[in-house]
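Please read the structure below before turning to the comments.
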Amino acid sequence: MKFGILVNEGPYQHQASDSAYQFARAALEKGHEVTRVFFYHDGVYNGTSYSVPPLDDRQVTKQWSELAKEHDVDLVLCVAACQRRGMMDDGEAERHGKGANNVAEGFRISGLGQLIETGIQSDRLVTFGD
Amino acid sequence: MKFGILVNEGPYQHQASDSAYQFARAALEKGHEVTRVFFYHDGVYNGTSYSVPPLDDRQVTKQWSELAKEHDVDLVLCVAACQRRGMMDDGEAERHGKGANNVAEGFRISGLGQLIETGIQSDRLVTFGD
Amino acid sequence: MGDMNEGGSTKKFLYLNRKAPYGTVYALESLEVVLIAAAFEQDVSLAFIDDGVYQIIQGQDTTGIGMKNFSPTFNALGDYDINKLYVEKESLDERGLTEDDLMPLVYEDEDDDWAEKPSIRVVSRAEMADLMQDQDVILSF
Amino acid sequence: MGDMNEGGSTKKFLYLNRKAPYGTVYALESLEVVLIAAAFEQDVSLAFIDDGVYQIIQGQDTTGIGMKNFSPTFNALGDYDINKLYVEKESLDERGLTEDDLMPLVYEDEDDDWAEKPSIRVVSRAEMADLMQDQDVILSF
Amino acid sequence: MSILHTVNKSAYERNALESCLGHTRPGDAVLLIEDGVISARAGSTAGEKLAAAMAETGVSIYALGADMAARGIPEDKLVDGVKAIDYAGFVDLAAENDAVEAWL
Amino acid sequence: MSILHTVNKSAYERNALESCLGHTRPGDAVLLIEDGVISARAGSTAGEKLAAAMAETGVSIYALGADMAARGIPEDKLVDGVKAIDYAGFVDLAAENDAVEAWL
């Protein structure tokens, strides 16, 4: 079965991203496909490459990056949410003439259409938020 | 009277930062002093220089920077919260060997002790959160 | 925007709005998804329950809080063929609100000589529960 | 850490904990402030009401959710002279909890030959309300 | 001693207002801000509870006008006894009371 | 048709569980995750409401074991009829029902 996942909150403040990650891992372990994780609202902060959590804490961004690499999961950060919240890839930084790429490996910035597309193309869309 | 302000949430997702800003403005207009605004938890995202909100939306970070400049308000981002959430000044970027300065003008990164100090030195501490 | 629906399938999408506007961004960013969704030619419904009914209340004036009043955007939904806005009666009642307190949202029915019709349908909690059962994708923020 | 309290004044600080641990970060980051506060030699109290009582429940095991179990840190508070942890009885009752379900937090009383004493004081809602009236600074997260 | 309590969430969504009202003392002030103002609309179930609490607890209840306007609540739709104030009034309340307690 | 409803907040803090239970149909499943598991502790006021809802609505109630453990709730302290499951069980529920509805 194809699962799409929506994450509405950033890392650390809420458990949403942790729960989504555990769900994605479990789905993959059961042989399902996780087509895309769409990060909306504060969820885009999950993709920051600038995070340096304490060593004894979970490394939220790194976990997602590794999941994407291992299982070819598409991690999409909503572009409009990124603009409000200070997340930039090279293209965005160049377009706005400020900032620098702070998007971690395995994540990409794209439009809200990717969320609708996930809803259409996956068998189930599972949402995690506050 | 001396007011200290604590902001627990980032910009846009919650109204906390907006309410805190309006409160600070009103306090200053009435002749009070706003000694410090301490940004904790996701509140540290208020200090990102990488934000490019839509032009018809409020510019949260810029408003704070201007307030700090006009009224000499100390805007402090909690260092531990910054590390988890990907906010860095030059010193932090150098220390961790990654990232770049994404702290906006008028904000500085410092320790939680600054929050306690604000509680001690101000007449009232007013908290805004989720 | 052309045919964005590559798979060709049409699904029923329900947008579940349970939160008040302005205190959190969810109401605004939900509406932004709905507007994008219009290009995908899916079957779109919006549900307003609990404090979500305040999203479409009349007379919103955000001057004093420095935020943009996005409620006029709801008027545009009809032009995008999004005209099924279900509002739960029990949620209105609890809050001391009636349908008259809501914005008079309308659309033009192309199957009925472009007659102007109301987009808002006040339904009971039981009807709202039935509506949910009938969906393929339910989005909550 | 020396005398961090430059002004020389001592204020009464109350940390208001109303949220469950792990679902949100507030419980953990509140505790981090309390630990820092210890260096400032203020009069510190902690209040646990509503779901906040779950922060000091026994037997927390976070293995399955991939997060760090920070509840052992509460054991260290006594060493920092933070030994006034007020827990609201009504909040425990509602949730089907008793004092026995909480961690047995203690401190050594230097004024009583270092006798080990409980840090947790279960109080009524009315007593909690009185406690709040007695504070200079109330921190909520 | 008296406390200014702030409540920023609706009584329909969260228990913050109820918990706050259970911890006030006569002479305290409760200020509804952000989504909290929704609880103060007349003719609502939360509004009735608020009216009862005012009578029972001897606290004064305020609502931030800017947040009421954003949520389409005119002053004449406020529960009797709740006073609409602006941010300057918020600052005054914070100064007049001895401490500010946020019910987040 | 059936729905898997997820509730991630405690019934003491928010109205999500109550609102969810008012919108279920017989055959639906409700899964308590994160702070939501607090509602399922036996001997609590929320637990009693949950038991009543199960009897009245014909829904199945589940709680995520990992979140229960983190909050110190052992399986034998669950309200009768609530089933503890792991993340794999969560995935199964999402697959078995026709849609997943998050009560955020």
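To keep things simple, chains are lettered A, B, C, D, E and F as they appear, and every chain counts its residues starting from 1.
The working rule: contacts are C-beta pairs under 8 Å (C-beta built on N, C-alpha and C of every residue); 3 or more make two chains touch, one makes a residue touch a chain.
These numbers come from a predicted model, not from an experiment.
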Intersection of the contact lists for chain C and chain D: A, B, E, F
With chain C removed from consideration, the chain sets that still hold together: one piece
Numbering shared by both copies at the chain B-chain A contact, with half separating same from different: same
Result of counting contacting C-beta pairs for C-F and C-E, higher pair: C-E
Between chain D and chain B, distance of the C-alpha-averaged centres to the nearest whole Å: 26
Interchain centroid distance [CA atoms averaged], chain A/chain B, Å: 26
Inter-centroid spacing, chain D versus chain A (mean Cα positions, whole Å): 35
Chain C residues counted as touching two or more neighbouring chains: 22-26, 50, 65, 67, 136-138, 140-141
Residue list for chain A, restricted to those that touch at least two other chains: 8, 12-13, 15, 19, 22, 41, 57, 80, 125, 127, 129-130
Sites on chain E at which at least two other chains make contact: 8, 12-13, 15, 34-35, 66, 86, 99-100, 102, 104
Pairs of chains satisfying the touch condition: A-B, A-C, A-D, A-F, B-C, B-D, B-E, C-E, C-F, D-E, D-F, E-F
Contact set on chain A toward chain B in their complex: 10-13, 41-42, 45, 48-54, 57, 61, 80, 83-88, 92, 96, 98-100, 102, 130
Residue numbers on chain C that touch chain A, as the complex places them: 4-5, 7, 9, 11, 13, 25-26, 29, 32-33, 36-37, 39-40, 42, 136-141
Chain A to chain F touching residues, read off their complex: 1, 3, 8, 15-16, 19, 22-23, 25-27, 29-30, 32, 123-130
Interfacial residue positions of chain E with respect to chain B in the complex: 6, 8, 33-35, 66, 86-88, 90-92, 94-95, 99-100, 102, 104
Chain A - residues contacting chain C, complex: 6, 8, 40-41, 80-81, 111-113, 115-117, 119-121, 125, 127, 129
